[in-house]
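Each chain gets a letter, A, B, C, D, E, F and G, in the order it is written, and its residues are counted from 1.
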Amino acid sequence: MSRYDSRTTLFSQDGRLMQVEYAIKAVTAAAPCLAILAEDGVVFAAQKKLVSKLSDQRTSEKMYRIDDHIVCAVSGLTSDANLLIDEARTYSQRWLATYDELIPVETLVRYISDYKQNYTHHGGLRPFGVSFLFGGWDQRLGFQLYQTDPSGNYAAWVATSIGGSAPEIASAMKQYITSNAQRVTIDEAKKYAISALVKTTYIAKVSSEKIEVLTLTLSNKTKVTATYATAAEIDAIYETLA
Amino acid sequence: MSRYDSRTTLFSQDGRLMQVEYAIKAVTAAAPCLAILAEDGVVFAAQKKLVSKLSDQRTSEKMYRIDDHIVCAVSGLTSDANLLIDEARTYSQRWLATYDELIPVETLVRYISDYKQNYTHHGGLRPFGVSFLFGGWDQRLGFQLYQTDPSGNYAAWVATSIGGSAPEIASAMKQYITSNAQRVTIDEAKKYAISALVKTTYIAKVSSEKIEVLTLTLSNKTKVTATYATAAEIDAIYETLA
Amino acid sequence: MSRYDSRTTLFSQDGRLMQVEYAIKAVTAAAPCLAILAEDGVVFAAQKKLVSKLSDQRTSEKMYRIDDHIVCAVSGLTSDANLLIDEARTYSQRWLATYDELIPVETLVRYISDYKQNYTHHGGLRPFGVSFLFGGWDQRLGFQLYQTDPSGNYAAWVATSIGGSAPEIASAMKQYITSNAQRVTIDEAKKYAISALVKTTYIAKVSSEKIEVLTLTLSNKTKVTATYATAAEIDAIYETLA
Amino acid sequence: MSRYDSRTTLFSQDGRLMQVEYAIKAVTAAAPCLAILAEDGVVFAAQKKLVSKLSDQRTSEKMYRIDDHIVCAVSGLTSDANLLIDEARTYSQRWLATYDELIPVETLVRYISDYKQNYTHHGGLRPFGVSFLFGGWDQRLGFQLYQTDPSGNYAAWVATSIGGSAPEIASAMKQYITSNAQRVTIDEAKKYAISALVKTTYIAKVSSEKIEVLTLTLSNKTKVTATYATAAEIDAIYETLA
Amino acid sequence: MSRYDSRTTLFSQDGRLMQVEYAIKAVTAAAPCLAILAEDGVVFAAQKKLVSKLSDQRTSEKMYRIDDHIVCAVSGLTSDANLLIDEARTYSQRWLATYDELIPVETLVRYISDYKQNYTHHGGLRPFGVSFLFGGWDQRLGFQLYQTDPSGNYAAWVATSIGGSAPEIASAMKQYITSNAQRVTIDEAKKYAISALVKTTYIAKVSSEKIEVLTLTLSNKTKVTATYATAAEIDAIYETLA
Amino acid sequence: MSRYDSRTTLFSQDGRLMQVEYAIKAVTAAAPCLAILAEDGVVFAAQKKLVSKLSDQRTSEKMYRIDDHIVCAVSGLTSDANLLIDEARTYSQRWLATYDELIPVETLVRYISDYKQNYTHHGGLRPFGVSFLFGGWDQRLGFQLYQTDPSGNYAAWVATSIGGSAPEIASAMKQYITSNAQRVTIDEAKKYAISALVKTTYIAKVSSEKIEVLTLTLSNKTKVTATYATAAEIDAIYETLA
Amino acid sequence: MSRYDSRTTLFSQDGRLMQVEYAIKAVTAAAPCLAILAEDGVVFAAQKKLVSKLSDQRTSEKMYRIDDHIVCAVSGLTSDANLLIDEARTYSQRWLATYDELIPVETLVRYISDYKQNYTHHGGLRPFGVSFLFGGWDQRLGFQLYQTDPSGNYAAWVATSIGGSAPEIASAMKQYITSNAQRVTIDEAKKYAISALVKTTYIAKVSSEKIEVLTLTLSNKTKVTATYATAAEIDAIYETLA
């Protein structure tokens, strides 16, 4: 297999793109994120990297606001992610300036996915070593949740996870969400998210130092609000899990 | 043979383009689609990927509307397909804006095929790892059905299939369609499509969760309608096959 | 020899371009075409590929009209051919728009040949894997017949053939055409063409499903007409050969 | 592992970018810098390279003023650093000219980080072999301290170090700074900085010839001042450590 | 030696350009041409390739008119030659349009030689696999004869030859032309040319089907005429040689 | 180590750029230059290459005037140096034309250093195989002396040397200059320069044929004068050393 | 050493550019030229290549007039030389058109040398395989003589030689010219030039067929004249040497 893994422009004999698969390994090696599409919002949860006590905790590590109505969570190479986040923010603002309306969530996701695909198709490039969860709301489709991966694929999900332990986290979530038509409440979603993360990553003592939880909800029918769960709230939910 | 498979710009000693053949393997590894050109329409059927129950089933996985009068089905790398679908949609709208008429179906197919060919002919590129079925209607030629593959070849068909098990599906369809001059009815086409898919892919229990069926028909002589078969309709047809 | 076959920009020690020779192999592997320059026209004949009964027979497979007065037949990679045919059609129309006269046949052939040559001379490219027979008529030289190959060479012929079994077909034709000054009638040309194709390709039962025959003739001294032979006509000629 | 380390556009089988990791080695081989975010300023300290007595000591070796309110310290390839410092200064002035306000510290850090990321993602380039500590002040976030590395990653810190012995220096600092919420005074920061540097680098006799200490403080609430510690001051602090 | 023959941009250890030498092999493998500078004209002679009787003999194979006053003969890759001939014709017409006088012969030869040199000096290119004999007349220098080879060298000659058997042909011509100051008559030149070609290439029965002879002469002191020798004339000369 | 030395865009496993280190070897192989920053000027001295008596001694070999106030000395590949000297002269004049003042010495040195750095960072390039000593005077900093090397690094010095035997020359100079704060007189500098050069390069009989000495001094407070030492002056100093 | 000789952008471990050294071999393999700077002119002499008696001797082989006041002689690849001669002529005329004065000799030499250097420094190129002797006269410096080599180095000389046997020719000339301050007369220079060439190249019978001698002299104080020595003159000088 090794003869075919030196370029993005090289298929292996069985039609695989090895550099894309290796880029996915960069995602697998990173700390996980998950998201759940609830009835009336989207809940993101992520394990923080084990940062030093010298680190400045002012800023989130793994969640980024793209626009008023769209948030993303990231697993993989942070520097690659930063570039795509800048691109997403710029594209989103350009859309607003051109059409005077917020960009539809899937339109943005598709743009970023095509942007990633380009780096799997031309010489002198490597794939982006990063996966995203995009959550957002728009007038036509309400709340939505998408996952993109280094190949440039994307898909809509009710609940999904990226990064290390993603399959285990998905298994854990299937215990709570048994049908893709089911929509849980925001509170259930927070609880399920923290539970799935704790179970699969063996975090001894959960706290807001180790877990980030972000909730997208709608107020006044058109205004999307993104709220980080407080340390107290996380601890409280954790207590109920025991 | 292996010495000649590292670039799209390299013929093997017997005049083959190995990277194109490997790209076709990427198509063969994907879930199949088929289409049948009926008397008064085109019927597409596709096996859905075995998606998780956490997946959001809102959107079709393998069929895309290009323009009012053209639909395509896809097997292969989804991210490659997305790029070409965007290109096809843009080209189609540009034609409409320039000539004030819908693009002829074959003109669009030829454009996308030439676009693919370019990626098999120049350095620093790889072929697109995706095949398409294009179905559509235009004033001059009525309903038409085309298949394109990663080499940039395309051809017109009465019934054809792409993706995994494509030869077996073609064999199954030949039992129903015995001449290339024969045109079946839309209802027959749906039945034959589901039958061919079921027989060859060993789907235990057919339902709209596992199979997608899309029908292109004409209303008011110039208006093309694309309709997904309902779960009930698919189940009913499946019953008649037993 | 193998050290010199990895690029179009690499001569072998004995001054050969191996990638061009391999591209010619792609032509040799394809179904054959032939053409005969008659007194008052040009006759093309081609073996159809053994297509499935599911194939839509509406369109010719191997012959293409370039302009009102020029037709070509193709052996080799169809997707490569499509690109060059588009180029030829565009160049031909540009000539008409610029000079208000039909392009001379050799001018077009030379343009396409130089276009092919370019792909044998620069890095990051591969030769076109396709040969053409161009037949046409112009005021200065009357009916003409040219053959081009992947190297970008072209030459004028009284009767010639490309694709698989081309040498055998040429031998068969030499039995009918014994001098390059000889011009046969259109009817003789059709008969000789079908005979040469049948003898060399071992087609068991000839019919219009397996053979295409196209005739270029002149009406009103300046109007070129291209006519496909009907299935009945082909069968009748075939009868006379037995 | 060695097969995957020849280009920035090549992932290893486990998703690593070896050239980026080797570039980090260039940083590790360089003399260290550290910085501490104090209550009311930022303190930088660096070990000078062991320069000849023939060297002209007029200019700092490892600390550079980017703008009135931003300073950086450097470990790694000096020539690579010079280029990025020029880029940072230009970008900062362009921001001032465009928006008539000082550039926010993180905006500049993000720009330089994205600039570095680009050199890890495209062919024909190598990563920048240099890490930076950026310290600065702006209206919205007050004093801030960031670290960037050759991959294009950046993060905010309360106290951090780059270059050789960085992990040992970080350990030493953790003895003084026990929580990321803690902010020490400028005077404490100076003392801790010199102590951490002396302990880990085994500098026999500390003096301003061997150590540079730079302090960013605020006067008149909006004016940032950068002051080098005098030799006397450094010696005095060193005395207190014994 | 083989390590140095993969690119035009690579000198071998003894300062040779192997790809240029291999391109010269492509010339050596082709049928020969010769030319003789006579008192009042230039005579070209060439062995035709052993073409099929199906070939259309309407056009010369190896001699091309560049402009009213310049003719060239070609040995090597025909498709490469066609490109350079087009370039020479265009350059010649551009000169005429710019300066309102015929291009001096050496100016054109130098232009084509520099054009060839470029393909021996830059990456991503290969040398032109073709040599030329340029004959022509201009006001300043009268009739002239030049030879160019794949390296981009050119030189003026009284009698010279390119292609296969060139050294033998040169030897044969030295029997007739014993000094470079000597100019033979046109009739002698024709006889010597045919004799040299026949002796060295072992053509059993010479005729205009196997040999082309072209003569450049001057009428009215400024009008250059190019005349192909008739079959009868060639046969007559051949008779005198026996 | 050898696997990592084929490109400027390739770090070795321990973070070194081998091509830059090899370029430094090209400097080490060249004849040495030295310079000393005196109280009121700069003194350059260089060993001339052992040139033939057929060489035209009209021009200096190793010292170049960049502008009225800046001089440089060179060790390494002369052709590489010429290019950078042209670049420096042009940049210097552009500065004068733009700002109507002489370019500050360090600004020019930084520009040339960044120019060099670029050739260590991008594909398809090699480092410049040349080091420079730049000496000059400007209003703000008075007389200054800088050294740049192939990596694009530069630094300010009181006395320094480049080329072969540079470490030995530096050792010799340290006997005369014992602190970086010390500034010798111009006459001392000349003597020390010649002494250091003679001791380390074993020049049997020193004369102006073997050594060049150039002095930058200031007249009228703003006018910089560059004077070559005469043969007599060099011999006189040499006498005093014995 | 061989690992480092495949590109102009690759230093060997000891800082050499092997492709430049190989290009110098191409010069060494060519027939020699020499030149002597006399009191009142420059004398060039060159051994002609052993050309066939069929060669047209109308044009010089190795000496070219660049402008009214500059001549050059060439050893190496003629096709490379032609390109640089065209470049030199164009640059010289551009200078005249821009400044309305003849280009200074060294300015032209420097331009051509920088042009050569560029081909030793960037990827996708090879060095020019040619050395030049440039002789000329200008108002400021009078008669001058320069030599350039494939690396882009150039230097001024009183007497020098390029091509095969250059060291032996230089030795021979040193017997006549014993100091670089010495200027011989034009007549002495001619005699010494022929003598040096004859001694070192073992030309049995010297004549104008085997040796070219060109003299640059000044008439009317500003008009430079270039004169080829006649066969008689060369023979006469040769007689005096015996």
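The rule is simple: a residue touches a chain if its C-beta (ideal position, glycine included) is under 8 Å from a C-beta of that chain, and two chains touch if they have at least 3 such contacts.
Keep in mind that this is a model prediction, so the values were computed, not measured.
Within the contact network of the assembly, the step distance from subunit C to subunit D comes to 3. Centre-to-centre separation between subunit E and subunit F, using Cα means, comes to 56 Å. With centres taken as mean Cα positions, subunit G sits 31 Å from subunit E. Once the centre of each chain is set as its mean CA position, subunit C and subunit F turn out to be 70 Å apart. Taken residue by residue, subunit G touches two or more other chains at 8, 123-124, whereas all remaining positions touch fewer. Viewed as a contact network, the protein chains form a single closed ring in which every chain touches exactly two others. Taking subunit D first and subunit F second, the full cyclic order of the chains is D, F, G, E, C, B, A.
By the touch rule above, subunit D contacts subunit F in their complex via residues 2, 5-8, 19, 22-29, 52-59, 77-80, 82-83, 86, 119, 123-127, 129.
Every residue of subunit D that touches subunit A in the complex is listed here, in rising order: 3, 8-17, 37, 110, 113-114, 116-118, 120-124, 141, 144-145, 151-153, 155-160, 170, 173-174, 177-181.
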